[in-house]
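After this come two complexes, each holding subunit A, first together with subunit B and then together with subunit C.
Right after this comes the complex of A and B.
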């Protein structure tokens, strides 16, 4: 679950972190009122799940409430990377003397959470890591022991910060690390942390991402933000096809037909399992094919689920034919998948022999499965044919 | 020889009365594995395929040697089950469960490191040494397993359970066969990475070369490349990287901290270049793995 900036800042505020005054607004009138309440220059920030807001024109400064209204109206209509904002954040403009960067994330290699801290905030942190490594610290900590403040202090001190700033930054970084670990985040980032002209240090922008598997455990936080524990947010909003696929998968617990993702090609793919799908999708493209979708089937999906998936994929006008391919399967039954795709083709009004370019699922119950494919005249191959070769045949048979 | 397991390896299944675990138990027994029984709290006295069910792991370890445990319990109870197995002194724990939040994984992995316990997984299918034993569901029914996994001299490590079987099958079809195959798990934090298992394959006189399946995301390939350069390991590795198309889907990731850990991108393209620079052969197609291994072995 990716949080919007205004949500991430609410999480920081609830943890007692220092932040600028701000209001989340969904209309230009609200933005005008918010700027009037703040009584001074404001910054208006697009609330969108995309980076590069500043460059795209999604962050603007206003001196008066009237100006704020006009800019909010503009930003609310501005698409950034094809996304419309859910609102704007109207925030007190700050006089910034110095910017810092702080993030907590997982390091799969150390198998521990890691704090990344820099005294060169506000700019591309990867650039800092490349060009100014001495300005960036990486500090791992234990997920097992309660978080100790000294770890945050170490992270800050390692880039050479001392004095009052060290203590103020330690409080912010320690608070961020606690939110990260206690709330099962995969990323908690404040960029920048600003040192103001008057010496105060506050969080200016924030991103957080909660692990989907842990959302149920944090229903309190999600509900307080007006979200539900089952909500999902992705990089782009799902298409109708993807929503239909999700519904189809959720309505039958037997097996999985997951991660349906729409592409604009002409070859529908019924592929699995996880790694097999990644491999096969690449293989189809390498063979010159144009996939109409990505998906991952597995865990022995029922005849019904595979049938509905087949019908859904065939319902898209751009789909000319489909290919049914998996790695050598252990739990999924070849005959059950075969029955599902045959049924789906027939019910969609097509001859499976013409609609299915290739069937390549070797493994459990393959003799029974291959017998079904024979009966309907569907081209199939067994385990002696590699996934790449099967993908090539799928593409070749598009023109038959 | 083999790595991690051998024909004498005794093990239990935590969560043995679950639907998938009952099937896994049957498949392991049919394959000839030395499964002792399993644990489901409150079910002591029952049997699964004639094997005893106990309430606690200690009820097994108090009376007999238990070399390994397969954890197949729902995600909400998985971390607790792993801690129980570690505290009972079981040296090898294979965590099959999917969707365990990574904080909990990091917690039991860190504790396991302190206690000297080896964790494989989570989100994996287990370990198999063809003709000797298998610990976990890898390969499915015994007859399918025998078909896909012929005994041989190639090690396999894979982040995908299904691709463990696919690659083993292609090695078997090519007459090479498999010494030990480890489904290491697909999660962001796992108990044993490629680089952590490589020393075991290096030390195994019955493994001549290693086949690896990998995906975008994470740092495990960089760690492997570094291990190869540092250790002077001479066993040939052929790796395959799936998911190249994901490199062309910008915007599917958010925030930079995840990619900043090592200061490099974690795309398939970057990983392939890094593996190749460490002397690892990278297969363009998954089906090329057996022939590339034969080339590397000079066969």
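Right after this comes the complex of A and C.
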């Protein structure tokens, strides 16, 4: 679950982090009152789950409450990446001398959380990593042992920060790391952390994502923010394609054939198995393919469920072909998935031999599955062909 | 319309009311249904869900046959 900035800041505030005064407002009148309460110049920030707010005109500065009201009215009506804001954050404007960046996220390869810290905050961190790697530190730590402040200190000191700034930043970074671990975040980021002209160091903007599976464990935090533990808020509202997939997955309790995310490519994907979906999606892209969707199948979905998912994906006008790929399966049966995709193709009016670029699901009941694929002339490979190679073949066969 | 599986039921099965009931009970994917008071029939839309578990075949050896259409000619 992705949090709005005002929610993320509340989480930081509850953890004792230094922040500017701010008020979340849903009307221009509230924004005027908030600016009056702050008694000074303010920044008005669109509360929308999208990047690029500044460029899109979603962040503006006001010197008076009246000006704040006018700007809030504009921002509340401004769509950013097609999303309307849920409100604006009216915050005291700061005189910033230096900006820093801090984030805690998971490093999938290291299988550990990592602190990323930079003394070049306020800009795209990927750009800093590429152009100024000496200004960025990466510090891994254990998710199992209690977090110690010295790890945060190391992360900050690694880019050359010393003295009082080191101490102040260490407190912020350590607090961020503890929130990340204790609240099961997938990302906790403050960008920028600002060193003010008077020497104070505070969090100016932040972004947090909570692991969806952990939401119920943090019902206290979510309820305090006015959210439900079952809230499925995503970075954008689901498309009709995604809602249809969710409906068909929920209509049959057998296995999973859903969790679909729409993309604008031409290769429909029916993928899954123990992290296989992510691996295969990335592999298709690495091979130059353009996925039309991400999805997850597993837990032995029924023939009917796989058939309906196949038909749904093939109903998209941009989908030229589909690839059916999984890791080696144990509880999902190859023959059941094969029946589902073949049936889905035929019922959608297509020849499965032409529509399926590759079928790569080795494992349980593969002999029966492969017999079905042979009967219908569908190109398939077994476990001797890696997922990477299967993804490459899927992309290569798009033009056949 | 089933594409992959056909289930053949010997006419003699229809004379055994208890057997008909057991076929309905044992199938994990509801391929059998009772028709009237004693007859059993297959549910067309569920045939392709057959898990090839042979529970029905074991209930009526030689009288219920599960045919894999994709293995034929």
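What we mean here is this: the second predicted complex is superposed on the first by the 240 of 400 C-alpha atoms of A that agree within 3 Å, B and C clash if a C-alpha of one lies under 4 Å from a C-alpha of the other, contacts with A are read in each partner's own complex, and residues count from 1 in each chain.
The rule is short, and it goes like this: a residue touches a chain if its C-beta (ideal position, glycine included) is under 8 Å from a C-beta of that chain, and two chains touch if they have at least 3 such contacts.
Bear in mind that the values here come from a model prediction, so they are computed numbers and not experimental data.
Undergrad: Which partner does A:272 contact after superposing on A: first (subunit B), second (subunit C), both, neither?
TA: A:272: touches subunit B, not subunit C.
Undergrad: Could you tell me if A:303 is touching subunit B, subunit C, both of them or neither one (first, second, both, neither)?
TA: Touch partner of A:303: subunit C, not subunit B.
Undergrad: With the two structures laid over each other on chain A, which partner does A:107 touch: subunit B (first), subunit C (second), both, or neither?
TA: So A:107 only meets subunit B here.
Undergrad: Which partner does A:15 reach: the first (subunit B), the second (subunit C), both, or neither?
TA: Neither partner.
Undergrad: Based on the superposed arrangement, let me know which partner A:330 touches: subunit B (first), subunit C (second), both, or neither?
TA: Touch status of A:330: first partner only.
Undergrad: What's your read, subunit B or subunit C touching more residues of subunit A?
TA: Of subunit B and subunit C, the partner in contact with more residues of subunit A is B.
Undergrad: Touch check for A:56: first (subunit B), second (subunit C), both, or neither?
TA: neither
Undergrad: Let me test your reading of the model: by the given contact rule, A:123 touches which partner, first (subunit B), second (subunit C), both or neither?
TA: neither
Undergrad: Give every residue of subunit C touching subunit A within the complex, in rising order.
TA: Interface residues on subunit C, with respect to subunit A: 3-4, 29, 45, 48-49, 51-52, 68, 70-71.
Undergrad: Spell out the part of subunit B that touches subunit A in their complex, as residue ranges.
TA: 20, 23, 75, 99-103, 106-107, 109-111, 125, 137-141, 144-145, 148, 158-163, 165-166, 169-170, 173, 186, 188-190, 193, 213, 215, 218-220, 222-223, 240, 242-246, 251-263, 284-288
Undergrad: Sort out for me which residues of subunit A touch subunit B in the complex.
TA: 2, 49-51, 81, 103-109, 111-114, 116, 124-126, 129-130, 133, 138, 142-144, 181, 184, 186-187, 189, 207, 209, 211, 213-214, 217, 235-236, 272-276, 278-279, 281-283, 285-286, 298, 326-331, 362-364, 383-384, 386-389
Undergrad: So in the complex, which bits of subunit A are touching subunit C?
TA: 302-304, 333, 335-336, 339, 342-343, 346, 365, 368, 371-372, 375
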